[in-house]
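Below are structures written as structure tokens.
Next come two complexes built around chain A: one with chain B, the other with chain C.
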Partner chain A sequence: MLSLILILIASAFFTGIILRVKSMASGRKGPGLFQPVKDVARLFKKGVVYSETTSFVFQIAPTIYFSSVVMAMLVVPFGQSKGFVSFNGDFIFFAYVLALGKFFSIISAMDTGSSFEGMGASREALYSMFAEPAFFILMGSLALLTGHTSFQEIFAALHIGSYISYALAILGTFVLMMVAMVENSRMPIDDPKTHLELTMVHEVMILDNSGFDLGLILTAGYLKFAIYGALVVNLFIGVFPYQYSIPMFFVIQIVLATGVGLIESFMARFRMSHNAQFIFVLTSVSLLIFFGVLMILGKFA
Partner chain B sequence: MIYTTIVNNQTIPVADIPEVSYKEFFGLNTGFLTNSPERHCVNYFGYPAGKQIKLICCIADDHTHEIAVSSCRVTASDSLDSFTASNFSFEKFEREIHENFGIGYNDHPWLKPVRYAHNRADQTKTIANYPFFAIESDELHEVGVGPIHAGIIEPGHFRFICNGEQILHLEIQLGYQHRGIEQQFLEKKKLLQRATIAESIAGDTVVGHTTAFSHLWESLCGYQVSRDIEFSRTIALELERMAVHTGDLSAVCTDIAYQLGSSVFGRLRTPIINFMQEWGGNRLSKGLIRPASNPSPFTPELAHRLAEILDIFEPDFLEMNEQLFSLPSTLSRFERTGVVSHDDVLSIGTVGMAARMSGLNRDIRSSHPFSLYPELNHEPIIKHHGDVYSRVQIRKAEVKQSMQYIRNLIQNVPKISENGPVFKSPKHNSFTLSLVEGWRGEICHCAITDEKGELILYKVKDPSFHNWLALALSVRNNEISDFPICNKSFNLSYSGHDL
Partner chain C sequence: MNLINVFLAIPVLVILLLPFFKVKGKGLALLSAIVLNASLSGYMAAQTLAGNVYQFAFPGSLVTGPVNIRVDALSGWFILIINFIFITGSVYGLFYMKAYQSQKNNLTLHSIAFLLLHTALVSLCAIQNSLVFLIAWEIMAISAFLTVIFEHEKMATLKAGWNYLLQSHVSILFLMIGFIWVAFKTGSYDFSALTIYTSEHQGATGILLFLCFFVGFAIKSGFVPFHTWLPYAHPAAPAHISGIMSGVMIKIGIFGILRLITLIKVDFYAIGLIIMAFSVVSGLYGVMLAIVQHNLKKLLAYHSIENIGIIGMGIGIGCIGLGTGNNVLATLGFAGALLHTLNHSLFKSLLFFTAGNVYQATHTLHIDHLGGLIKKMPQTALLFLIAAIAISGIPPFNGFISEFIIYSGFYYWMQDSLLGPLMTVIFSVLALVLIGGLAMLCFTKAFGIVFLGNARQKFHHEVKEVPFLQLLPLYLIAFLIVVIGVYPQFLLNALSQPVNLLSGIPINTMIHFQDSLLGDILQPVTWSTWIFILIILATFVIRKFITRERKVAVESTWGCGYVEPTPKLQYTAGSFVRAYSKLFRPILLSSKTEEEVRGIFPSGGSYETHSYDRLEKQLIDNPIAAYKSFLGRFLFLQNGKLQFYILYGIIFIVTVICIPLIYDQIVSFYEFIKQI
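Moving on, here comes the complex of A and B:
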């Protein structure tokens, strides 16, 4: 329950911080921290326009996408405190409920029949496919290390062990953050600010969505970022008491958001063909973690 | 002699242009360009002469600094051998002649419409039934972009044939912006009206086109312009080059999502165009240049202001370039993206930056100098890879060069001549050609007057006319997501093409 509340709070300012950092880095004052939330609130008041070429898939997809993210959010724990639900193998549930949402957003993009959205959908599918092994090898290694298969038990057990587990946590942070960038279509994979349909990945898929539906999709995006942030936090807080771990949660979330903002300000995005290569590298980092775990467990003779 | 030679901005009687048979005309002009990279066609057009069509072809020679002009009479029902079959650089010109007069060509690859002139010969050809190139295949897909775009740009339709993410072919369909500029020049009789039309040919090349019009008009009427007027024009041309190049660098950075470059170059463009406002009252230089007069003289005070502005501009500009060209993520987007080979730019006859990016020296400032350029001894900046990187580097180097020229020029601001303009009317039965190197490349204006001195033809050629084809070639075999950056690195004009 605690994790749910913390994630909701973090999601309210995470995107705001990114935008603010980007503005400040380019010499502008920038919008307020809660502008993204206000934007969504405005969208929720609006009606929806549906293109005549779309079918019911296009209409239900944003809702399914949003609820998939909410369901994923429910299983994320906070240190000792369990998530809203917790069961053995919930990290697999987490990954595939997100994938279900993504599947619907992809077919709803195809449903519009626009050539742009088809391209975006194909790119999104490709990148998610490459990001999946990275996530599973990472979580699988941690499960192997701790001997548990639910998020809460894995993270609670993680701190016990040598300093090498902190080294693994740092590698894990890298992988999780990069998966979050892929999942949320941020730089250097995708440019959320661009107006050029031909270069977009996620943005082009939601070109036809409007009003309430668009609000749902954007909210899901904010939540997703905070969810991945919460996973990263979990790698570190372990059994710290709440008076330390809750401030740590916000500090780490703010550091991550600032980092994303700085990356987006001071580098150019990748060439589209380099993206697949880059995402694949995450899998190899996950494999490093896997070998690290094998070493800790003494599986090598 | 089956042709006559003129220099830039020279007026000659129309009767001095020899009229030859089409066979000779064909052999002469295609012969000029065979194995001669120093020559290119600056304009080739037709105009009605009685019941016939008179074709005039102007081939510029960069070594002799002369322009060979020849002419020929044909009738609309003729079916001719096309120049294009032996040299691709005539392709657009012949399509235009075909569109305007219905002259047939036997061996032209594809006589597609160019810009749908309102008085075109075949009114059944419309923008809606443009004959696109298509490839029948289950594996390829077509992506159509425009004519309405997401950004604030002009209308144009781009049709890609792609194999997955890879572009096999791009076809660019223009004509949405056609306003009948050339016809307007004939219908509007007042000089001010005409100068205003010249300013509106392409909104980003106001100085370039207005200077070309002014030179042409002055030559046609026999004005000798004082030094201060030419001085203003030279400064204005170089400032326009600086402003647009800096803006383009910003736009290229935006397209690769490099926020720092985008905002810094965007900011750097502002002081330059604000100076134009201070000088002439308009940030886009409208109203600054007029034939035979100097509405906003360049004073020593302005020179002082400009020197200050450049002193602040330069360090920031250089530092940002240092950053931009040392960042791996930007270089990886620039290098080997959108390559057009030297052979290709030569055969399609590109001009300006689109030629210099690939080792083809085409710069009117050095080959057919005008205004104060003969004194500046301009050395064109040439790059050799023909990719986005070359085009971006040319922009950087040209801004630096322009700064140098401006600094040299404002050392000696000429005294403003007191003589007000004396009204003169154009010479009768004359032909004039004016070439100007705008920031984008060579601008060519031609005019012909009748026995009363009235304009019977005004012909405008913007550098975009040829260069659009270079863009179409550059994106072949590139990823479709690299199209925007290729497009921005050329930054061609829609209205300059559509007229």
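Moving on, here comes the complex of A and C:
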């Protein structure tokens, strides 16, 4: 339950920090930290415009997308304290529930009959497909290392002892963060602030959403970021008592958000055609983690 | 005994009567025969799942020896699946075939073949005598062939049928070699001879024998690289036949493999690794090719190959559990495989039936010619959507449950393994994850292009939803898909018997262990699924409540400033997967013909892509071409003159007669050479 509250709090300012860092890096003062939340609150009050091409799929998709992210949030633990639900193999459930949301967001984009949204849908389907193996191999490696198969048990049993495990934690952070970037459609896979529909991935898929539905989609995006941030935090806090781990949670989340902001300020988005190769690299890195785990366990002997 | 006589008498009687009925009567007679036979066999099958075993012995004939019939839990599980899909399929078929009412004779043949197919499939699950098994197998193959070529006036259909018939016989050939091998060594055609023979001959002999059977069954079930008949036969057949073929007929191959595992005594660890390798390749290759298909039914056919791969992974895990004496692993593997067999039958038949609806309404299955059907056929679209989510293995539907069990098996296997198995696990998991992702790409494409957006083509006839009665069996299947997804526990009891049988746990002793194992794994998943559904419902209610007085406007889709969009501007199936097909070009074999738009006043351009099966080209087409060119060298013999043919005949006869005459000379010559 603790993780739920923490994630909710983190999601409130995570995107705000990214925006603020980006503004400051480009020499502007930038909006307040809670501007994204205010945007959503405003959207929730607005009416809605539907395209005449769309069907019921378009109307239910944002709700299901949002619900899938909420469900995924319930699975994430916080160090010693379990998530709202926790069971053996819950990370499989986590990934597949998010997949349902993705499925609906893709078909809802197809529902509009717009070529731009079809383009975004096609890219999203391809990229998320490549991000998933990295996540599963990472979790599989950690499961092998700790001998457990649920988020909470894995993270609770994970303790950093040797140099190899430091390397593993860093690689794991890298993989999780990159998966988060892919899942949230941020740099360097996708640029949320691009001005041209042709170069968008996620933004172009929601071109036709408005009002409450758009609010749901944006909220889901904020939550997703905080969820992956929480997973990264979990790699490090392990068995620390709460008085240390809770501040650590916020520090790491803020560091991550700042990092994302800086990357987005000083890096260009990859060429679309290179994205797939990049995501292959991600899978390779996660395989590296797997081999690292094998080394720790002495399986190569 | 009587039950079996009745079971065999019903089809014989109905087949004899069928030609005399009117068209409507034929359908009803067929349906009632199927229902009657299904309830007979289903009654017995349901008993076996509660722990009973039925055994009958027929005296048989001089050739076959005594014929044993045995219905155990494994047969029961498959018989129930077969019966369910056949009943829903025949109700659906009744309506689907309305368009062909005028082809009276054709329909008679079709009905007879259909009934024979059902009888043969159910019998195959129970027969314990290899000769009779082969005969039933042959009846199944031929009756399936007859049902496939219903539209035999189309050349493509006929070709697909021949292709299927030929490959089925290659399958029979392998089975025959296996059975005769055993019979030759033991002198008995009974299945128990297989156990006796292999327990005496461990090692390479057993594995070779297993491989012989495995190839036979793999051709039937469509494991890569034995799959090439499948993507032709499924699209060519009428929709209800494709649903049945993909739903249950290819599963008889899976049944064969599982039955073999209960009989044969070999090194299951090696067998498990072999099956795993085939399955991983099948799963990945199937879905990779499915994505680039333009024909909806062909796309679904390739997905059958993918799902056979997933089932195979479960069997592989189960075998490895058997080989290492790990009961938990064996249980997880076989439970996953059996459950996925059921699940795949459900959603794949539903997909084929809905594809049939699309064909019935639009007369085309070309994905790029369709679009926007959700407005004309909302119910079909909804059913297709449910099946599409289920087949992608996404909760809250049934596909997720079986894949979850298989994942659990993989992660369980990983504990305490050595390096080799660990590598197998991690790459199999990688494959399973990729399969899931690719399936999602494929079904968002299929659903998105066919049902969503605007119509890409104008049809000269009215496109409308099929009648409700036709949709009724489809709703029944969808209902089961949802129920298994949100409450799989109701199946656990039924599942525990066949799983016990396979994992070699003595019946009735370890039931509690079984129940608690699968129950423990699935209970939290079920809870989470319910929570998930509650969250969805809650979000809906909140959304409804908040937006109840908001303004709802309807506008045209945002065209980025362009105000005169046409349906042609929409993303097509080809463009949706273009990035994918570029990435996987080394594996796929696609050709494109392109005419670029040129000049200031362009006259028009065109773009066409075709994809072909690289394995089919390498393994089927190229050898056939080489064989043809070799035989082509003897073309001079075929000169069309009758006199020459008579001469060949005489030469042949003379040779045949002469060989025994000069046999002694040959032998003495041989001896002479030996002495030197």
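One rule holds for everything that comes next: the second predicted complex is superposed on the first by the 297 of 301 C-alpha atoms of A that agree within 3 Å, B and C clash if a C-alpha of one lies under 4 Å from a C-alpha of the other, contacts with A are read in each partner's own complex, and residues count from 1 in each chain.
Criterion: contacts are C-beta pairs under 8 Å (C-beta built on N, C-alpha and C of every residue); 3 or more make two chains touch, one makes a residue touch a chain.
The structure presented is a predicted model; accordingly, all values stated were derived computationally and were not measured.
K.L.:
For the overlaid complexes, name the partner, chain B or chain C, with more touching residues on chain A.
P.N.:
The larger set of chain A residues in touch belongs to C.
K.L.:
Just checking: does A:Lys102 make contact with chain B only, chain C only, both, or neither of them? Give me first, second, both or neither.
P.N.:
second
K.L.:
Between chain B and chain C, whom does A:Val285 touch in the aligned arrangement: first, second, both, or neither?
P.N.:
A:Val285 sits against neither chain B nor chain C.
K.L.:
In the overlaid three-chain picture, which partner chain does A:Gly27 touch, first (chain B) or second (chain C), both, or neither?
P.N.:
first
K.L.:
Considering only touches as defined above, state whether A:Ala276 meets chain B (first), chain C (second), both or neither.
P.N.:
Touch status of A:Ala276: second partner only.
K.L.:
Of the partners chain B and chain C, which touch A:Met119 in the superposed model: first, second, both, neither?
P.N.:
Both: A:Met119 reaches chain B and chain C.
K.L.:
Have a look at where A:Met129 lands relative to chain B and chain C in the superposition and call it first, second, both or neither.
P.N.:
Second partner only, chain C.
K.L.:
In the overlay, answer first, second, both or neither for which of chain B and chain C A:Phe66 touches.
P.N.:
It touches chain C, and chain B stays clear.
K.L.:
Touch check for A:Ala268: first (chain B), second (chain C), both, or neither?
P.N.:
first
K.L.:
Kindly classify A:Phe87 by the partners it touches after superposition: chain B alone (first), chain C alone (second), both, or neither?
P.N.:
second
K.L.:
Using the superposition on chain A as set up above, list the residues of chain A that contact both chain B and chain C.
P.N.:
115-116, 118-119, 197, 272-273
K.L.:
Would you tell me which residues of chain A are touching chain C in their complex?
P.N.:
Those in contact with chain C are residues 44, 46-57, 60, 63-64, 66-68, 70-71, 74-75, 84-90, 92-93, 96-97, 99-100, 102-103, 106-107, 110-119, 121-123, 125-126, 128-130, 132-133, 136-137, 140, 143-144, 147, 149, 197, 207-208, 211-213, 216, 272-273, 276, 283, 287, 290, 294, 299-300.
K.L.:
Of all residues in chain C, which touch chain A in the complex?
P.N.:
My answer: residues 371-372, 374-375, 378, 381, 385, 389, 392-396, 400, 404, 407-408, 411-412, 414-415, 418-419, 422, 425-426, 429-430, 433-434, 436-438, 440-441, 443-445, 447-449, 452-454, 521, 524-525, 527-528, 531-532, 535-536, 539-540, 543, 546-547, 550-560, 565, 567, 569-571, 575-580, 582-583.
K.L.:
Over in the complex, which chain A residues touch chain B? Could you list them?
P.N.:
That would be residues 22, 25-28, 115-116, 118-119, 187-188, 191, 193-199, 264-274 of chain A.
K.L.:
For chain B, which residues are in contact with chain A within the complex?
P.N.:
Touching chain A: residues 141-145, 150-151, 165, 253-260, 262-264, 267, 327, 329-330, 332-333, 337, 479-484 of chain B.
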